[in-house]
Amino acid sequence: MKTPQALTLSRVFPANAFESDKGRGRVWSKLRRDKAGLLGLVIVTVFLLLSLGVLFGWLGQGWSIADGGRWEPMSVNHWLGTNLLGQDIFQRAVFSTRTAFEIGLAVSLLSTLLGALLGALAGWYNTKLGGNWVDGSILWLMGVLDSIPFYLFVAAVAYALQGWPWAMHVAMIVTFWTTTGRLVRAEVMRIKSRGFVLSSRAIGLPVPVILIRHVLPNTLHILLVQASMAFVAAIKTEVILSFLGLGVQDSVSWGMMLAESTQEVLAGHFNNFLTASFMLFILLLGFNLLADALQDAFDPRQASL
Amino acid sequence: MSDCIFSVRNLSVTLQTGLGLARVVDKISFSLQGGEILGLVGESGCGKSITAAALMGLVLSPQGLVTADQIKLGDKNLTQLDEASLRRVRGSEISMIFQEPLTALDPVFSVGSHLSTVIRRHRGENRRQALRSSVDMLERVGMADADRIMQSYPHQLSGGMRQRVMIAMAMACRPKVLIADEPTTALDVTTQAQVLTQLSELGQSFGTAILLITHDLGVVAQACDRALIMYCGRIVEEAPVKALFGAPTHPYTAGLLAAVPRISTGRAQRVQAIPGLVPHPAALSDGCHFANRCQRADTRCRTLIPNMRSVDGPTNSHLHACHHPLEHSCHAD
Amino acid sequence: MRIILHNIIHGLLLILGVTLISFLLMVWFGPDQTYTLIGKNATASQIMEVRHELNYDQPFMRRYLDYLVELFTLDLGASNSSGEQVNSILRRTLPVSLALMLPGFIIGNLLGIVLGLIAAFRKGTWSDRLITGLSVTGMSISFLIIIIGLQVLLSTPYGLNLFPVRGWQVEDLSSYLAYVTVPTLSLILVTLGYNTRFYRAVFIEESSREHIRTARAFGASPATLMWRHVLKNSLVPITTRIMFSIPLVVISGSLLIESYFGIPGIGKVSFDAITSGDQPILKAVVGLTAVIFVLIQIATDFIYRLVDPRIS
Amino acid sequence: MQTDSALLSVRELVVRYRVNGSRRELLTAVNGVSFDIHAGSIFGLVGESGSGKTSLAHSIMQLTLPTSGEVQFHGKNLAHMKGSDLKKMRRNIQLAFQDPLASLSPRRSIQQSLIEPLDHFRIDAPEQRRARACRALETVGLEADVLLRFPHELSGGQRQRVALARALVTEPELIIADESVSSMDVSVQARIIELILNLRQQLGIAFLFIAHDLAVIQQLADHVGVMYLGKMIEIAPADRLFRQAAHPYTRALLEAVPVPDPAHGKPVALQGEVPSALTPPAGCVFHTRCPRVEDRCRVLDPLSNQINESGEKRTSHHVKCHLWNP
Amino acid sequence: NGGDQSTSTEISHSVYRHSMDGAPNNLDPARSSNIYANFLVVNLYDTLYRYKYLARPYQLEPNLAENLPEISADGLTYTIRIKPDVYFIDDLAFPESKGRLVSAQDFVYSIKRHFDPQTRAQGAWLWQNRIVGLDDWKANGSDYKQEITGLRALDGRTIQIQLISPYPQLVHTLTQGFSAIVPREAVEYYGRELAIHPVGSGPYRLLSFNTAGAVMVRNSDFRQEPFSLENEGYDPASQSRYGLEHLEGLTPPFMDRIEVEFIGEDAARWNAFIAGELDFVKAPVSQFDQVLESRNPLVLKPELAENFHFQATLESGFVHTDFNMDDPRIGYHPNPETNARNKALRCAISKAFDWEKRNEIFYYGIGQVFPGIIPPVAPEFNPDQDRTSIIRDLKAARELLKSHGWTADKLPDLEIGFTSSVTERQMFEQFRSFMADIGYPRGKIHPLTFASYGDYAQAYLNREVMLMTIGWTMDYPDAENTIQLFYGPNATPGSNTANYNNEEFNRLFRDSSTMLASPARTEMYRKMNQIVIEDCVTISGISRKMILLWNRDIAMLPDRSFLGGHFFRFAGPGKANFKNRQEE
């Protein structure tokens, strides 16, 4: 018997038509066509560059110099005016970008990752009402972390990791992942009965592979939205933690600027408040646009014409 | 039965594929009369389901582009309706049975709620009546423990049961036009017979016209009045079933008929596939799409699109699109 | 029956774990109340005295066991700073916090769901952009500023002066409304951004499912699509989000709202307890939180199975 | 009885589902089914819709755990397999799901789905896996461009072929094909039939082929099993079954096959009350619809009878019907 | 009917709504350690003495006592008679819930409580090592049955106190909430919950108390003592604008109800005041711009002046930053040479500190900067003192460093302790920028933050903080109270947070501590002050100015310092409202 030949294959299509794998090119090309997503990407890139500039000492280094008067208005010397101490608000805002990236990004990425993995494991092993020991232990961990007052926990971490610059990150990651974890767990409990999971089980794929390749991509919407929320939360919590003696003691951040500005707003000076809020808003907007675009780009069902 | 209640003229659908735009449905036209069952047969991937979705207005602009000169349902031209009016038409005047029932049913609603919602929406019955009608519908399509089924969720049903739930839903609307996309693939033959009977009864009692998409030529022969043969997005032959099975004129139709496996009491006879592959919709050649698989093809076939022509003269009921039609039946046996 | 037993054991383990770990943190890392309780010019022996009075000199396990006994007998002792019985503190403040937070919590989530549905349904249109933009704004504005702004706007002569600035003299519905409105609005404004953003993402995902197409084919209106099909399919993440924020609402309350609006709720009490190291209160709060988490955990796992039949 | 030579043997398999979340109400989807599949043979499984064919397939794969009974592969109980044994077994039994759209990862391209089992079982060198996937697609009549598509971008028949390609890409010893040709046009179907016969012949792959199309079964199968309401009511060598079907239900099935000839009379559906799977009728499960029902059918559950004299199990014809009760 | 209606509106005028920027955490006199608690306690309980309402400087005035104490010639024996017919309020703690007569024994009991470890009292330091037998009583197990020679009730109304050595501040201590008189029955009945069920004989009784506020109502049985402007030290020249005159001859407490709101947040406090929900507010510093028309002289904005009375007062205390003398990096060092270098460093830091700017930025420029440790409210304060120690002198500071071999790389790392808050942090940053001006590298000045005051206190009381900023509120108008902060034996865990130990200073302190107020003692105080300044032990200091605003409808003169809450009983309705009330 003659086996069917792929006669048409080489004739009609250039051979390289199928080269690109994993749809990476596809994601990028979809992203490129998404104007809002591109805007988000541009915003995030600009901020990233700013923070690199700060990191390498090119930008915002004068954040702590108090050479101005109290609450100076915008001027050539101080583009966005000065704060109570006479420090330059613009410099401080720029310098804060680094803090935002360092803390916001690290915390949101890692807590989302941790939440995704542990949540997925828990959800997977929730085989019956009550779950098995994997589910049980992860739930237990979540319960413990959630029940302990945040301040108490953070104080403990601060004490235990005294002076270590990443103590703050650790404290936040360890406490933030539970929310994502619970959401992912619930989502996985739902997804795991779907046909394609069954079919990957039929092949005998190991559980981690099933979870990472087949299950977690279908929770991408939750992961992205949680990551952007963790980002905000991290930036806002950073102030509280610095107040508790954790993390970057000797630095400035948007959160710190917002905290300072509460007093200033009462006194009728809005520069600090507006600047910090605006920077946070823009970066957040960038992240959200990008996250939306990514979600679309990674979802093959959202085709574009 | 000669009133035409649904007519489609020059419907085309263009989709975005990995290889660029592909016109997966290419200027197809047909019409349906009240109570009629029209079979739509064609090679897998030739665009039947897309046609169905396009007729329902379910192909949305980012995914695909639908153009048509006319899709006329009764006195409404669906191409000119806005989404809101289209929505009122959908379900009540035209409804559809989807090909893959598991993903098509809402996983968190029970069968009962699927059915009764549709019944309440389109028949205006109250909750209790609707539940009763739902049970009735289920029994009609041969589902025994209707009580259990009513409370079951889609994932708890077998493939055939899901399919029958979809059929029941579509039938419950008593639409003017029903598009059934391979409704009986997961049914055993006895159940299939029952369902087909129900469908044709629907046509008799409510004048519903049915576009029955199927691969089973046996079903076409038994249940349909007329049939369309589709190949690569185009209709290549349209004929009353008798004529189609008796004297197919398009070589593709003939090939299909030859490939139908039949039960024999003796040793099974091998059937022959049509040689060659279906071309990719994004890379169709000019002329007749079937040309590169057709033994009768010549250069004209490769360059010139054949138009639909009438075979049997003035009655105009048997049409084909072929430059070299078969003159007489090549149907063995 | 086995499930109930299982849950009880699991819950007990959780409570044991939470109490043990948090007690450990409390004892080793938590604030030491000695120095807030001693008078001026204290001597070393007075400090020892205070430590003894606070039980700080007892061995850890001993104190922990005492804690467990207190927890299970529901006799939680008296606050170190005010001397009030912890039970009576809880009884006094919990209802207030609930009454304060619930409306905002419920409305905030409902509004978030509605806006999320609208945005998801009109994804890519201007209404979606507007909603997304506003929710990002909401997320980036600080809570304090919202509270102060609303206070000035709604409660002072600089603004509309419609509601009391602060207080909680709740006697009847109208006084309740008077006192609860501005805090509720602040709470809604603060959470709405997050809620909307979250729900929108969930709804968008759910509305790209095949069965939505079926529903449309059967003539479901946009409202039906969103409210019935998308919403019901999203109930699992919605439940998760809502249920697990309950402890935050009930137990943690909101420190800021309570202190800015002069409301004697549990938020301030527990915050003070944490920062000052008032262990009896802290122990009660931690214990209570753990119990509530256990209950919520059990409840959500049940609810999951109710709202989504595929979860077995 | 030499069960040891069987590739797959299913013994008294029972699958029960809980209905409506309650513990007590159980639905028996598969009720004591036993059969063997020998290496390189094709076992056709037909039966009423909802009679438990998919459940049987899933429980063979251990996707739903059987309530009782056992499944042996090469004489080893699947339920007890662990580690490398299990992995080998997984490689050697592949399932093509009845619902191809649901069974393909929506966010993964066809290529990823096809290569995945190759990666997992380390079949071929990594750079050759794509070519192998490509070949698998070609054998089921799809072109390579499908590789880069996503499941929702295919037609029903194409998806079904992808599912089949995925099952055979590892070249297992046994493929369970759950209604794998139902959405294909007859030409493609013919091609697939040819392919399967070829695979069987050249690679010795055995099939458990579930289908409703009896004509296809006849073309393919060496043995045919007929299920009704969870029970295997008849098993016979294919030629025997199509020549002299013993069970009234099998006969009804054969009679109801629509003939592709409009002149032929319309097939008739079975008359009588369709039984409930939750509360199956006492006695013979088919008695409510059986044209030849007798009194004992209503009370006595018929045993499985061998009705031909062949001593060899491979060619024996079993039926569960009182008519054949000596 | 109409009459009723008007009555009910007028009753609302006999409510005084006070606001505080912090909350007491309990109302047990023995534990009323913060000013907020003291405020309420002196209204709910009786103290033997109080300060005159209007007299400045402060003057003692008998409260529950009939007269000022009779003091024996050696200054060791005090005899005090309390007023007759004073009753505790009715309370469940008493038999038949009937308040009983207040007796001398109650006073003895109340002081003893401070020496009973179970009370967890915080006021013992006031009487520690002062009263004959009291410390032994504690050492013997605090048995209330045991008599104490130095603290006795001679009869129902006579108290006798015998001191170990003269203690001129004793009567001052008897004005404080700590000394308030608690009935034993209540302590035994309520136990620890006494803190929320006060049972006293003060002018008010408690209605409710929680984290947000407290409500007190008039104790209708409070003794009838007509208000006399003259007796309270009325000064028409400065006090006539407050409209107190019409209260003359009436019986306090004037208000039926006092509502005290605890509002830590400036914005909320101010908003509530502006919205008319409060009668009194201490204006937040951030609002000074909005409140004041001019700083010098201090003038209120006209639109506020229309509705509110206003007073600017200095706090009864000061803020200073101590060096930890126990830290060899900056304090005492066994090596005399290093010791001298450290001193030079301290002095340089002090000189580099810009008090003017600190005042300007954080205290709106209206705080009073003064040299040393005797704050302006103290009677012994010397306005003509040499101010060089608070005048910034960068040149001198640099010189000092240079001459003692301090170069940028040799300078020690400084750790500045503070509790975390925006303002403290900003102060730290400002401090660092001050130091930058003398070339102190930015990277060598580190913040050492603490989450709560308790943590901070624990750290500095354990000598773990190098530089700490302390705010001290005086307990009584006598500079002894601030000078003792540097007395060697008071070193930590005592209140000498600098751990300063200077022989001469200690001697002077010992000598002066037994002296009654006199020019000689003042002289000694000033000498000690100078010693501290010269040793550069502390960067000091500033007394903050408070802007107090209150409703014109209320006739009163509020005070946040030594008077404590004693003035509540004198807060009366304004004249306009008052008339209505009288007519009724």
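Going by the order they are written in, the chains are A, B, C, D and E; count residues from 1 in each one.
Here, a residue touches a chain if its C-beta (ideal position, glycine included) is under 8 Å from a C-beta of that chain, and two chains touch if they have at least 3 such contacts.
Please read all numbers here as calculations on a predicted model, not as lab measurements.
Seen from the Cα centre of chain B, the chain whose own Cα centre is farthest off is E.
Top-ranked chain pair, ordered by C-beta pairs in contact, is B-D. Among the other chains, the CA centroid farthest from that of chain D is the one of E. Centre-to-centre spacing of chain B and chain C amounts to 55 Å, using the average Cα coordinate of each chain.
One finds 48 Å separating the Cα centroids of chain A and chain D. Centroids of chain B and chain D (each the mean of its C-alpha atoms) stand 27 Å apart. Taken residue by residue, chain B touches two or more other chains at 18-19, 100, 102-103, 155-156, 277, 280, whereas all remaining positions touch fewer.
Multi-chain contact residues, meaning those touching two or more other chains, occur in chain D at positions 99, 101-102, 141, 143, 145, 148, 152-153, 191, 194. Taken residue by residue, chain A touches two or more other chains at 4, 6, 8, 13, 17, 151, 155, 193-195, 262, 266, 299, 301-303, whereas all remaining positions touch fewer.
On the side of chain D, the complex with chain B involves touching residues 17, 19-20, 27, 46-55, 98-102, 141, 143, 145, 148-149, 153-159, 161, 179, 182-191, 193-194, 212-216, 218-219, 238-239, 242-243, 252-254, 256-264, 266-270, 273-279.
By the touch criterion stated above, chain C contacts chain A in their complex at residues 3, 6-7, 10, 13-14, 17-18, 21-22, 25-26, 28-31, 129, 132-133, 136-137, 139-142, 144-145, 148, 194, 197-198, 201-202, 204-205, 208, 236-237, 239-241, 244, 247, 252, 270-271, 274-275, 282, 285-286, 289-290, 293-294, 297, 300-302, 304-305, 308, 310-312. Taken in their complex, chain E has these residues touching chain C: 25-26, 28, 31, 33, 117-118, 120-125, 128, 191-196, 210-213, 261-265, 267-268, 271-272, 274-277, 451-455, 457-458, 461, 475, 484, 490, 493-495.
In the complex of the two chains, the chain B residues touching chain D come out as 17-19, 41-50, 99-100, 102-103, 142-145, 148, 151-152, 156-161, 163-164, 181-182, 185-194, 197, 215-223, 241-242, 245-246, 255-257, 259-268, 270-274, 277, 280, 282. Per the touch definition, chain B reaches chain C in the complex via residues 53, 56, 58, 87-92, 95-96, 98, 100, 103-110, 117-118, 121-122, 153, 155-156, 166, 169-170, 173.
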